[in-house]
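First chain written, first letter: the chains are A, B, C, D, E, F, G and H, and each begins at residue 1.
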């Protein structure tokens, strides 16, 4: 049965939801069962640890963690699992996400986080799907079709260009 | 048979080899067959495209691409495949890798690159292994053992502390 | 005949069009035939390569490439041609174009990109014209007249100053 | 009895020890009992959590946490205690500690970390002592004497100046 | 009697008041007597020095100093007292508080400032309370309750999540 | 006759010569007559202006201007000519060339500078050659051959790889 | 007679006028005769050079030069005079004035520019007045009175504080 | 009599002396009487305040203040005098002087500091001399001669160029 949740999306605060909505859209478009949790490395560390430690045995294949500022959530998630962890740096108020990006990407040896661009929720979802697609032919076919689709859409823009 | 190459490691210049050596060590430690190519998005674009386009059908599961400065190799690799692409920003001479990092991580929607830290070759390899481990129980066991090993080694440092 | 297209303006996304409009205005003011294409190094790499590889034989003298974020378009364009390539870093949402600038200007040895300022579409067009003017006396005369015009306009501002 | 440990100094890696040695010197100069642990938010999260959760009841008054790169240790320490946590950003190889600084100082609302300068181990110790001095008259007297001493030493430099 | 002022909050300009209001709210929530002063290291240095030098003997336990741009107030405050000084970098107009942050956190050896995040007024107040709580059991109990409250509130967000 | 000087290379200080030597090598390899001048926008503005104003009528096709720190030379050169001006940001002592880069690339509308990477002397020369090649078939052939050569050399590195 | 112009305020573009208005207000408040010119180092270099070279003999005591982006005006002004030159970095669109600041402050040895803060027009005027005051007792008295006034105004803010 | 001290050079630490030596050389070359003091805004605030407050009446015309990191010395000097204050940002260990620069240049309205480049001791001295020269014809003549000298020396470099 396909309905087992494959991706866990966690974020430090519900204020990150509007940004992460773009990931959810991708998962719905691809029919990937996902779940969403508000879990903070700083405010709910116990619940976060528990969530991460049980993720793998519940069938989760990859965890997407989004956070802003001193963005510890992705790294601390990676500390508790051997699943691939994808980090999304959220654009922060003062420093525009440069703090979030460095807090996520500059992980020490031994504990990698697969970092995407600032507010890159959509790409986080696509990366998760590329990982899942390695062992699911139907998803593989869908991601290839998606790639052709954005190629076509991008190139089609040339037809409606009215410059010059 | 296990000896099929699972990871392709490409880099823009052979001057990146000393940094990437740390990834090779990890692959050897885990017994992951890998291959190494010097392929530049700028100097050998044709050979690069060909390599990337044929990688999946040759059984490659993920591509690690390392580059410095205006580091286009990971992103341009991701343009030609639906395999997960892991980007390693190489520390650059003038800007210490900040240029490499931003050139790799800030990818546009639709074409993700899983970025690790500046000179993070070791973590790139571990991330590749975590991805492969999703469908290989032996590798999964090894990566879990590795995690316990670095935990033990790290904690063991406390025994030899002679401060105070 | 003069109507042969001399400059190709390419950009990664049609969202860059409002910025690049300033380049088009300059080309129209100078009577330089130009063409515009939406071509992405990441979403339409094949079409991009083909466009660039055929540009020179179609009479194009220089290519202006605009892109934001991990801005690979100018560099990857330069990989496929020996025409001068002018790069325009587009101001990006999170990092204000610092990522675009570094991704464009920090090219490795052997493959130069003539980089202008962030959102510097107008200067990109003027630079293209300065290059074309090297072998076209009429254009040379026009660019000299333009330089005198902006000198005059700039100095004329002093007459209408009402400070003090 | 005075010999109860008052300050816990933790750091992510024993490579941070040479920097932190300056804190130990201050504690020895002031006669403040302290303890040192190598505890990583990423490699030994379980041991770290246990250490932090039991610190208060063992009489620890403040915890100094040092880390570099994606420096999560101070913030994750603050997640598990209501003791004041002092964060020391360690100078990192590529980004000179700017990543460490932002990862430590930009904590979200509700979970403060008292951040000192990059490699500011000495000031971290002095800050801990200023906190402890609030309720210990002897320490208060010592810190006041220390302040007068560095004033005197600094001003005395003028006597040996041989410029001009 | 409890009504003795425990925390002095000073800031360089009354334009910083809206940011610092979040600190005042925390103090009111915890019942911590505090006082507020507009004192500039540059415009009213004499009054500032006098305020700081008399703070300790008036019973103040810690001083919170907020400033933006070339933010000298926290450091110059620390020059005149052995009380713990907490620095709040105010987001500045041009550089978004990066100037404020570096001006506050990069203090020289001997004179620490406990720096919190840009505009981190709330955390400055909580840090002050954590320090005071070291010797006040009622405040200790309150800060522990507060920590449990934000944990509960944060985790409760999951119940109202309607994504998916 | 070919021996007329085609490129003027100017720099603010003779301390920039070792960096610029890489441009001279390229010109010698391509047989492009060039000249070198130490001319400072700040120390010898009169001589600089005179040099630039007479360059075009002496047959110069493009000027390469190198400078570090507050690097005004390229921009001020562009103020006095309609020849294409190529700017080389020299790596500076304190800020590693970030100051040089921004001082050169962020030119106002109307006065473009074709900026290459920090210390990018070689690419500056290649860009000048690409411009000259637009009207010189022999140079065009040489630059195409050069491109094939670096492609070949780059790809040949794969043969000597002894990793794995 | 006092009405001789003492300060020349020049700026690269009339778009800088709103920022510089704050300098004019100060000069009017102090009764300092000043003049304003739109002079660009890039668009009107000849007129700029002439203005600067004749400034001293016309009685100008100091020149304030404001510019944004690749802000060469202050430095190029300093190249042509031995009068003190004060530079005002104008906040730029993409990089918020960081480019303007570095372009102005990082001048090479031999040609200083007295740089004030980004958009610091008011301080530029006060600095000019402090310089003039060195030889004008009336202005000296005024600047001392001004200092006392801002001290008084700043401290008076405390009376109307209604926090707590 | 000429031997009255005209410039006060102060710095936060004697470790800044090697950098500031370049200022002393200039003063000796110009025959400008100067004095040097180690005065810290943080370690010896009282002595610093006293020095600054008495400087003007002792005949000092301008104060040069050098400091690194959270570099408060120039700004706090400007708080206590109406003499022009020149700030020299000292290159710092971790952040290469970017912290020093922002701490000095970003002063609030009302209290200007004339900032020169990172480690710009020589230019600080020349700026002081340009200010003094406004009312001293002999110094004026010397500074003009100096400007001609560096022009001549700079241009003379062209004679010994052996490139090409």
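Definition applied: a contact is a pair of C-beta atoms (placed from the backbone, for glycine too) under 8 Å apart; a residue touches a chain by one contact, two chains touch by 3 or more.
This one's a predicted model, so the numbers in the text were calculated from it and none came from an experiment.
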Co-neighbours of chain G and chain A - touch as defined: C, E
Rigid-body rotation angle, chain H and chain D, from Cα fit (steps of 5°): 90
Same-site or different-site touching of chain G by its copy chain H, using the half cut: same
Repeated interface matching A-C, over half of the contact pairs identical, chosen among D-H, G-H or A-D: D-H
Approximate Å spacing (C-alpha centroids) for the pair chain F, chain H: 35
Distance from chain F to chain C - Cα centre to Cα centre, in angstrom: 19
Residues of chain H touching at least two other chains: 13, 40, 43, 69-70, 94-96, 98, 105-107, 110-111, 113, 117-118, 150
Complete list of chain pairs which touch one another: A-B, A-C, A-D, A-E, B-C, B-D, B-F, C-F, C-G, D-E, D-H, E-G, E-H, F-G, F-H, G-H
Residue ranges of chain C in contact with chain A within the complex: 13-14, 17, 21, 24, 34-40, 43-44, 46-47, 69-70, 93-96
Residue ranges of chain G touching chain E (in the complex, touch as defined): 91, 96-98, 117-119, 150-151, 154-155, 157-158, 161, 163-164
Touch list for chain C against partner chain B, complex: 12-13, 40-43, 45, 49, 68-72, 75-76, 78-80, 92, 94-95, 98-99, 102-108, 110-111, 113
Touching residues (chain side chain G, partner chain H) in the complex: 61-62, 82-84, 86, 101, 105-118, 120, 122-124, 126-127, 130-131, 133-135, 140, 143-144, 147, 150
